[in-house]
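The first chain written gets the first letter, and so on, giving A, B, C and D; residue counts start at 1 in each chain.
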Amino acid sequence: MSYEVKINNRHSTIELLSREGTKFNILIDKNYYELDIAEVEKGVYSILHENRSFNVELVEGKNSKSYIVNTLYEAFDVEIIDAETKYLMNRRKDDGEDQNVISSPMPGKVVKILFKEGDFVKAGETVVVVSAMKMESEYKVKQDRKIKRILVKEGDTVKGDQPMVVIE
Amino acid sequence: MIKKVLVANRGEIAVRVMRSCREMGIETVAVYSDVDRKSMHVRYADDAVCIGPAPSSESYLRKDKIIEAAKLTGANAIHPGYGFLSENAEFARMCEKEGIIFIGPSPYAIDTMGDKITARKTMIAAGVPVVPGTTEPILDIKTAIEVIMKIGLPVMIKASAGGGGKGMRLVKREEDIISAISGARSEAKAAFGDDAVYIEKYISSPHHIEFQILGDKHGHVVHLFERECSVQRRHQKVVEETPSPIMTPEVRMKMGADAVAAAKAVNYYGAGTIEFIVDDNLNYYFLEMNTRLQVEHPITERVVGVDLVKQQIHIANGLPLAFKQEDLKQSGHAIEVRIYAEDPDNNFMPSPGIIKHIREPLGLGVRHDGYVYEGYEIPMYYDPMISKLIVWAETRVEAIARLKRALFAYKITGVKTSIPYLHRILEVPDFINGRYNTHFIEENHEYLKKRNNCTERCMDVAAIAAFVDYITKLDSLQVEPTTKELGNSWKDFGRKRSILRL
Amino acid sequence: MIKKVLVANRGEIAVRVMRSCREMGIETVAVYSDVDRKSMHVRYADDAVCIGPAPSSESYLRKDKIIEAAKLTGANAIHPGYGFLSENAEFARMCEKEGIIFIGPSPYAIDTMGDKITARKTMIAAGVPVVPGTTEPILDIKTAIEVIMKIGLPVMIKASAGGGGKGMRLVKREEDIISAISGARSEAKAAFGDDAVYIEKYISSPHHIEFQILGDKHGHVVHLFERECSVQRRHQKVVEETPSPIMTPEVRMKMGADAVAAAKAVNYYGAGTIEFIVDDNLNYYFLEMNTRLQVEHPITERVVGVDLVKQQIHIANGLPLAFKQEDLKQSGHAIEVRIYAEDPDNNFMPSPGIIKHIREPLGLGVRHDGYVYEGYEIPMYYDPMISKLIVWAETRVEAIARLKRALFAYKITGVKTSIPYLHRILEVPDFINGRYNTHFIEENHEYLKKRNNCTERCMDVAAIAAFVDYITKLDSLQVEPTTKELGNSWKDFGRKRSILRL
Amino acid sequence: MSYEVKINNRHSTIELLSREGTKFNILIDKNYYELDIAEVEKGVYSILHENRSFNVELVEGKNSKSYIVNTLYEAFDVEIIDAETKYLMNRRKDDGEDQNVISSPMPGKVVKILFKEGDFVKAGETVVVVSAMKMESEYKVKQDRKIKRILVKEGDTVKGDQPMVVIE
């Protein structure tokens, strides 16, 4: 059985041809690999290919099908695309709403909200200021926009990726 | 005599101070905020006292609660680490009044050096060269503009009470003056509760070189040579090394003598640092004095062979310095890099979170001062520094190679870190050649950009690892026991489940 | 020039060698047995080749397979580490024949020094003092008895091919002679495939002091001062330090010169160690030469400031030594302890198993050379050493305090370790005073016994921790989702489960 | 509810009086403790009592009720005794068979078996030799015994605590 896998922006087809203990034969697109794959620590894999030793660390992403994969000095977003994922991806495309949400990419504290619902903001103006780890980050709009909804208030603690402001 | 030390700090520096205490047979007390219950300094200390909620202003900056904790646990000394209350003269005075030894300089020295303008005046009086600029704090914008026009652009605006790059603005163009001053003042107000600023001539292509000094309570002061700290991003040091690649023995001797003179001018005792700004011709000017231990103190410890925290404690105990200037020498080369929980490829956005996995670098010539562990959550309330990696080797070339080797073996997942960025710094020709000043990072922007070194095979391997992990999880689910078994053998079941890591 | 090094070893020494290679920009190849697939040296290396099943005789001792692996991966040099093939002249010869650089001495030097009796003769010829005893291998018991009666009891019986305490017996009483000889011979046969033994006068209350030497291929030899290795249990070193607490500058200079003379007598190149037996009056006798890197080499690296593995590689590359004897000096004090997977309170029974949790000591003056990690299973097939902890400080007193501090922070669960025992050694007055010889451990038996330092509160806390863990597990089980949920939300379920650690 | 707990050879009664977050009130025998208990790493607990900081590491023993507990330099065997354990302990007493089994306390390889089933062995004689980590350990009998059953053969790999020889 073959799976679709997304590595950053590259889409590949990956297939497990055979497996015996730690020995795997895998086809990824047109490349055939004979590998020795061992999970050495929780989420840490040692992979030998043609005697070359690779070390790969996996951190689970948003769900059990998405990973951040760290190689020596690079990190990749890898997503295993099965039927469920495909369905969700299609639905998201139709919706498109999430483009209009200002979210904090990291946990922090809302220091300042400079507008209120219904306000018009000019391109480049700061809407929200969030503080985390002694640094203040300003979240601006790129184009002229209208504030539709404000989901947080000053002093709130926000989680990573939590929507703060909905804009039109 | 100091019997028990309360460390009024957190993170790596709290643990580092406790290590030296333990070697001296001195008990230690940790203080912690609510979110730091599981922090390493709480685990490492003999005693631990909770002093309040997460925000520093309600815990690590609460002088009263810290002194109360010292009394409660019978600590007869307080070590402030760096940051927080380390340069707070009032806190030092409160300790004194309560009969607790403050492991640091006198309140007078903190006050004098802490106010940048008083410090300038004192240095001028002591014959130490200073950068041209104001000698009075500027409290309004009008005066500021007049002064700037007199000194001539470019100038640097700095918070009088400041440090660490907070409340600092470079002004190159006339039209930026007003916004820069108000920005610096509001930042200074927020950070230090004092919006006074001062103005200095801006020296282009400057080097930041500082001298470590130690003074005892009997009037002896020595310097422990220089640290080169010019690799800075937004006025925050990123890489420090000693000796400085641009230093000559003659200038070192002169600067060292001036550093000692600067300290003596305020009857300094304890460990302190004299920061100089140095131009390409090795002309140098007093910049400021840090009246505390520096983040980068370990490179001096390694090259000079002195434990600075132990010296601080000896000095606080009233002991005379055990060495004279001529006993001290530099041996080999040391470099420190600071590992931050931040995303270097996304505008250095802080990256708090849970450490999923950590493997620390080990072996010959490597010192690692950290405090995080697997499962530890780096809180969003404090400085995002995870650890400091310090290497030593006989030569600078070997030290750089060793640092690369250590960074190669240093693995953290769960939060993004500056490790890949630090590795890129070590590969910039200007760094390798030791030809750099404080503009290094902006001038080498292209070199420091993320490059994709991963071959097709390397990407394939990354994808395969994720794929194998995923199908292994799926497989394990299929051998899951039925409901009936669940009731009886929950233990075995739990075992199987805990392997899944779903 | 060496471009790629195959390390014919495992464990900490394989990783340690690879670290220096990485700093030099040299690629590395790991070889591993079936049970070592997950071992750190396989993960650390650029390439890795499986060379056979677990028993050393079928993998790490298979010269043919190792050379085959070197050819397969394009390695043009082999570093043997210590143990395994490191003192095997035939292997060195095979490498030579295959055009692979053996990073070690010449086969001639290995042969000459490897046979204890030839080594004795060579030393006598070179004017290096030796212990009175036989100069011919003893092949039968009758001759052995005659020789022993001539030398006079007590004597030491040693395997000609031996090392590391294997095939060694002390005989004090006449009636023990026969059993001791046959014991030594059968152990020698099993360990080295050669049952020849030799006999030496036994020196009571001896110190074991060794000198590190480095020789290049151009006839230059220097010594890097001494290591004191008298803390031994059953002839296995437990603690090593440098400088030796009993050494004087005069004797050091004389012994160093003799160590250099010993190495020159066999045209030695590479890193090697001359072991001396030293009595209380600092009379010293050549004991043997180890023609390889020693386990305890890091203390020399720290105090002299030289990376011995890099020097080995430079020498193998044919480079002349970069320093002369007068360039080298000792600075400060270093101590190494070896952490074994063994149960010190149960007759030092080996304790293989899975590392459940590890926290390594860090900070100023601490070097930790290890290879295990969380989840790693220490195999039962090889030496039970987990890691080496090396500390440095300005003085011996401070070094001992630092080592205690490091041992305090070093936590391993899953296997029993020698950590508590090592800590007890550091508290024995004879050790603290530096007054000890190779009888230290047996003479301080009482001091080294396990003591229960735990108060009632401490025991209560231990019980409470287990109790709380248990009831927390029980609680988690009660909030377990029902069967219906299991089908749909296996992911959440797995998450909850993985926290249980049942 | 109170439990019986065995710490090495000490039997204690332990009772959770109350719990709120990381704050526990516990009675052990007659000692009352107010504690702050946090699991900081897997199986590693940080315990504060009257501001004193204790670090305790747990390794699970034979089953989920038995632990090896490491304090600073000591290790304790702790067993939580519930109804099931009591039953098993009573049964074992009646049986008494396990006194007559030679087991290897660690994993290893059986190098030599010096007797066969039915043989009589003298006190102090070695019955089995097991090798692990380059060391050979000899397993002897303390009194004159008869070999009842031999459960392993030379060359076998044994696990920790695996019975090897049953004696009478």
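In the analysis below, a residue touches a chain if its C-beta (ideal position, glycine included) is under 8 Å from a C-beta of that chain, and two chains touch if they have at least 3 such contacts.
In this text, all values refer to a predicted model and were calculated from it rather than measured experimentally.
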Touching subunit A and also subunit C, the following chains: B
Contact-richer chain pair [B-D vs A-B]: A-B
Rounded Å distance between subunit A and subunit D, as computed from the means of their C-alpha atoms: 46
Whole-Å gap separating subunit C and subunit D, where each centre is the average of the chain's CA atoms: 31
Overlap residues in subunit B, where contacts from two or more other chains coincide: 44, 373-374, 408, 491, 501-502
Residues within subunit D bordering two or more other chains: 41-42, 64
List of subunit B residues in touch with subunit A within their complex: 341, 346, 349-353, 356-357, 380-384, 408, 411, 413-414, 416, 420, 423, 452-454, 456-473, 501-502
Subunit C residues within the subunit A interface of the complex: 29-30, 37-38, 42-49, 72-73, 373-376, 491
Of all residues in subunit A, those that touch subunit C in their complex: 22, 36, 38, 40-42, 46, 48, 51-53, 55, 63-64
Touch list for subunit B against partner subunit C, complex: 15-16, 19-20, 22-25, 44, 298, 301, 305-307, 331-332, 359-360, 362-370, 373-374, 393-394, 398, 401-402, 404-405, 408-409, 477, 480, 483, 486, 490-491, 493-495, 497-498, 500-502
Touching residues (chain side subunit A, partner subunit B) in the complex: 3, 5, 7, 10, 12, 14, 16, 24, 26, 28, 31, 33, 35, 37, 39, 41-45, 47, 49, 54, 56-60, 64-65, 67-76, 78, 80, 105-109, 132-135, 137, 160
